[in-house]
Amino acid sequence: MLFFLLLPLLAIFLRVPPGRLFGALGNGVVVDALVLSAKTTAIAQGLIVLAGTPAAYLLASPRFPARRLALTLVELPLVLPPAVAGIGLLAAFGRFGLLGSSLREFGIEIPFTTAAVVLAVVFVASPLYVRQAIAAFEAVDPNLVDAARTLGAGRARTFLRVALPLASGGLGAGAALSFARGLGEFGATIMFAGSLRGVTQTLPLAIYAEFEHDFDVALTISALLIAISAAILAATKLRPRWTRSGSTSPFPSGLST
Amino acid sequence: RAQITVLAAASLADVLPKIDSRPRYSFAGSDQLAAQIQQGAPADIFAAASPKYPDDLYARGLVEKPVTFATNRLVLIVPSSNPAGIHSVFDLRRGGIKLVVGTPTVPIGSYTRQILRNLGLTGVLSNVVSQETDVRSILAKVALGEADAGFVYVTDARTVGTKIVQIKLPAWAQPKVRYELAIVKGTKNRAAALAFVSRVLGKRGQALLRSAGFGSVDQSGQR
Amino acid sequence: MDTLRLDITLPLRSFDLELALEVEPGTLALVGPSGAGKSSVLRAVAGLARATTGRITCSDEVWLDSGTRSHLPPERRSVGLVFQDYALFPHLSVEDNVAFGGRRPRHDLLERFGLARLARARPATLSGGERQRVALARALARGPKVLLLDEPMSALDPHTRGETRAELHRLLAELALPTLLVTHDFEDATALAERVGVIVDGRLRQLAAPAELVAAPADTYVASFAGGNLLRGNARKGQAGVTEVELEGAGIILSADELEGPVSVLVYPWDVSLARPAANPSNIVSRASGNPDFVRDRPEDAALVRPEGASSNTMLQGSGDSTLNHLPLRVLSLLPVGNRVRVRLDLLTAEVTAVSAQRLGLREGELVVASFKATGTRLLPARG
Amino acid sequence: MLFFLLLPLLAIFLRVPPGRLFGALGNGVVVDALVLSAKTTAIAQGLIVLAGTPAAYLLASPRFPARRLALTLVELPLVLPPAVAGIGLLAAFGRFGLLGSSLREFGIEIPFTTAAVVLAVVFVASPLYVRQAIAAFEAVDPNLVDAARTLGAGRARTFLRVALPLASGGLGAGAALSFARGLGEFGATIMFAGSLRGVTQTLPLAIYAEFEHDFDVALTISALLIAISAAILAATKLRPRWTRSGSTSPFPSGLST
Amino acid sequence: MDTLRLDITLPLRSFDLELALEVEPGTLALVGPSGAGKSSVLRAVAGLARATTGRITCSDEVWLDSGTRSHLPPERRSVGLVFQDYALFPHLSVEDNVAFGGRRPRHDLLERFGLARLARARPATLSGGERQRVALARALARGPKVLLLDEPMSALDPHTRGETRAELHRLLAELALPTLLVTHDFEDATALAERVGVIVDGRLRQLAAPAELVAAPADTYVASFAGGNLLRGNARKGQAGVTEVELEGAGIILSADELEGPVSVLVYPWDVSLARPAANPSNIVSRASGNPDFVRDRPEDAALVRPEGASSNTMLQGSGDSTLNHLPLRVLSLLPVGNRVRVRLDLLTAEVTAVSAQRLGLREGELVVASFKATGTRLLPARG
């Protein structure tokens, strides 16, 4: 099983002489894309964490109405073909989209801007984070939350001082996943944001563009991407955790992807 | 003076920036670009690899009247290793060959069918193992040696260099592959857009297109 | 001095919790079987569970009033709640756990609970006793008006338990706060509380001083909880105002208590003395009547008289309050407990001193005679 | 947050008159694609569960060597741009790929076949299942496993009679996710398997092919796809579970995606 | 009749478990503080934890031999292990849980443990006592050669605990299997086992009959575990063969035991009697010497003599074995326990009958005189 998953990645690396990896960093297109990807993914990640964490906290409370429906909706974007996601985004924020028209009145046009890339990434990557965050919060012993309340902490303080630190392990893991996923996002981006070098052409888009051009460069960028993603994922497997359950999982509440 | 956005077919990725480096380019499959414009993507120029989409959008009143600015030719490509030992288009008649073409719905697909019809080789379509939705995928599969042969634009074939071998197709069989430009309706900087169009249609523009392997068109550009 | 008053109805999974209590400074223990609703009471008072109807007030503060729809959130109620498993924050040091409640300077608290040494330690590294102290310190750091303890002992191993119980006892006395103490354990309850409330299925069966619960249990449940033996039987008036109880196939017992019909006879293990039919020259108590002589573990009880109308396998002596019941029973097991031995017989359990157990040379499977005063018994209507 | 995730999906549905949804089922292309998708995804799902479950069980044991590395590798395919994944698959199983050549000697050629679609789906979707399964197994009280052993059950019996049923909730959820994801798989498939009606053209590929042809049909198929995925995901939120932890999560061990 | 023999070394987190035991049919209890390694022993025997070196044999079967690298997997060792929290399979009915172990017809087992009624129930719906019975039935279904019980009582609430303890006691007697019983609780140990092993930090401190542990504890730890008071002090030879122990600032104690240097004096609560300085006409024991008279809770101990060289705040009487120590101490707390009262004093704890506690009218904060025989004491080398 593992071997099967590993093989294709291995194959790519075998095709790319290591020297190339660094050579690629000389290539203007690659650098632009790398910078843009870093920028957009970082911003998107910020948004995801800022908006996703409280959302997850609410969803994690068993009293949340229509919880299961909500959970399903959160997962849905994961299973959409990215291209469809892109269409959806256009249909929502495009000029003729649901919000597009009203946005325009404020002179805001999202498609084909860096903002669009960010939106696309958020749309595609946030479910990974939110779902993980929900599980992380669910794994927090409710007694500890209650204890905080009786000790005079309001909802906000309880969230910040108890729930958040206790869930940190899972949140970190989730963030890493969505970050990596965001870094690799392609289909929705090219549909919704196009592929403007320096503006919306992220690493994966650059790879795509390079097929046209120089197949090897494409492979090289792919390898680069894999390496980065792997590094990020591996990094989060090493953070401390305070979950009561002696779970041996790298994710406190035995989270998953 | 405001920067314009050009949505252009992937096969123009190299040449257009050479002609005019100022606009923002977004290269993708013509079909995708068309879809984007339908969805109200804020573009000023649409440069497609065929008349189909511009005309379609024109009919829908989304773009102004399209003009042809270049032509292209098809070639048959095989991996440099040429596992199936194909040396002419007629070798495709052999069975068991892995042939990759575009789907009928994309330009490269329909053109491929035209040329095969002209050559009376429609039978070879039975060797098709995959109908790709863009030229890039056809190139990739042949370049990787997965497919034994594929039909692409000559301009695309050039970019893959030594990984493939081009097999010329008789000129008489070539379909008219016309690239069309259209200004998107409601553009905020029509002046700049017009300027871009005339640049592409201008001497230098046409020269550059030729050197990139495209066929140029007479000044009028109109049909 | 504050007073906690509650009168609430709280729907639980399988029944409604209905309870009215008034807790003055001092400790009120809530005992009862698992699932009785004890913790739920505390959660309601703390505001963690919301009672559907009723009032909860602390002196003049209104914490809950279903009438006016007012419900103070937990953080605004001045309660100190110690959770069953302490619920210490695993990511905070002892110090920070205690400081969490904020307000009063915490260092004296650490000192007070002998935790200064452990200030920087994480809860995971503490012993049960230490955790409990941290939980208490944390709960008190806010200077609460009401103290709620949910089985503060149950997480301790019996070794440290006695210790801690005494400490807690002293602490509660000092604090003199209205305190609700939830426990499974009747001993804890009697040791720590002035009043004990027995909750079963969400309702208060009896609320009284420990001694009173033992002396006059409201029903068989309370009685067994207080550690008494219950012998089911059928009661009818006997002569001389004593009640005769026909045990289910185990003869007759006389009781000074008055009740008729199906009853449970309550006898406490320590009111039962044991003897055995054996001739031992050194101390025979011989008698005219032909009934066997006893070597008994309590020299004090003397004269044997065979009463009339007593069943053959039960022997009674005297009458009125000096009446003794004698049941010949088989020894099932002997459990030394401290310097006493709990002797489990096929009908009831007796508790005698190790000395007498030894003197009697009790052994499993043997036949002994269990004796207890008619006045030592109490009749309770048999349940269901 | 939720709203943002929901909007694009909503937008798509608003564009598709419900009548169309069923009309689409008359369209030959759509039907072929639907059938093929169902077939391939089902087979792939079978493989994923059969191979993934034992793999997850092993990975879940804390004694597994290089556990964290393994977990990272399992997650990696999730974060790859599908196109890259496709290239990887070609590089591995393609004609000139690592295994390709040796496979050919057995007369096996994978690319452009339905088998290729299955492989692509397995590659892209299995991590969702495996990761969830790992978490589910980790949530099983090790004491219960030990108990089974001391009661005379060997590793196999213990796995079947104890670990499996106790993890079933999580496994089901994971299976649903990977199934839905597999249904939506596009990039890797088109790269590795190509797109040939009836052979390798799955629903998402059909959507893609329909774009220019008839944009509305594309949208319709998308809507169809979303509906199916949603149904599958929702379904699994309703199964019974035996986890000791009174977790309120629809996933026993508070799993996530 | 099988015999379990083990001699193993098992590295644990913070120390190595090193243990050699021989368990014949009958019960051997392992007591010790949390984290001592008790459960680990059972896990090693069951094959769930693999000892690095050593041998484990059951009669002639070799279960582990680090020499020959042989290690039988758990399922091939015929052990019945009852886990601390019972570890019942939540997804199986009671019946199926018991049947899991397979082999013998399970229905008689359900009967035997009074579980027939519950056959179809799921563990989650059972009470603590019922769960324990299921766990036992399941463990016995295989007809194991060795029985391992990990704190079978600790999950029970004290109410059902006494009951269950007795049942278990009877069961173990019947089974007559080599049984290792892990417990926190000295009372459980004494009640259920013929021999008790005290484990601390992975090593066996003492292995003896319960009575012997109480009578002659190997060290202070065992002593305190057995429920004794420990008074630290310095011992030197006194006259008449008695040892004088200078307590840390609490005067002098005489002991019949012999030891010198820093020691801990062991006194059991039930060997301490209490008295108070008060004149009560009914029973004065007046004396020529000028020391106070006592109302004592044990009339039997009589004549008071003031010895020479005794510190002012300690009073001694007689000499040799009849010597009594008297310590004037303050009452910290009174804990009624059954029909006795545990009186916590500032130096030690005494246990007297409720009757005498009442007669003395003990109250917190008061001064009383604690008396215990010099022969009732025992000197142990002070730890650390």
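Order as written gives the chain letters A, B, C, D and E; numbering starts at 1 within each chain.
By definition in this document, a contact is a pair of C-beta atoms (placed from the backbone, for glycine too) under 8 Å apart; a residue touches a chain by one contact, two chains touch by 3 or more.
All of these numbers come straight from a predicted model, not from anything done at the bench.
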Mutual neighbours - chains that touch chain A and chain E alike = C, D
Tell me which chains count as touching both chain D and chain E.
-> none
Top-ranked pair of chains - ranking by C-beta pairs in contact | A-D
Using CA atom averages as chain centres, what separation in Å is found between chain A and chain C?
-> 57
In whole angstrom, the CA-centroid distance of chain C from chain E equals 22
From the C-alpha centre of chain A to that of chain B, how far is it in Å?
-> 34
Multi-chain contacts in chain C: which residues touch at least two other chains?
-> none
Considering chain B alone, which of its residues make contact with at least two other chains?
-> 32, 35, 140, 144
Of all residues in chain D, which are in touch with two or more distinct other chains?
-> 87, 91, 208, 218
Mind giving me all the chain pairs that touch?
-> A-B, A-C, A-D, B-D, C-E, D-E
Interface residues, chain C side, partner chain E - complex | 33-34, 127-128, 157-159, 162, 165-166, 169-170, 173, 184-187, 190-191, 210-211, 225, 227, 268-270, 332-333, 335-340, 342, 344, 349, 351, 364
Report the residues of chain C in contact with chain A in the complex, numbered from low to high.
-> 43, 46-48, 73-75, 77, 79-81, 83, 85, 87, 89-91, 100-103, 138-139, 141-142
Would you pull the chain B residues touching chain A in the complex into a rising list?
-> 5, 7, 10-11, 13-14, 24-28, 32, 35-36, 39-43, 136, 139-140, 143-144, 156, 159-161, 163
Show which residues of chain A lie in contact with chain C when the two form their complex.
-> 141, 143-144, 146-154, 161-162, 165-166, 242-244
Chain B contact footprint on chain A (complex, rising order) | 87, 90-91, 94-97, 100, 109, 111-112, 190-191, 194-197, 199-200, 208-209, 211-215
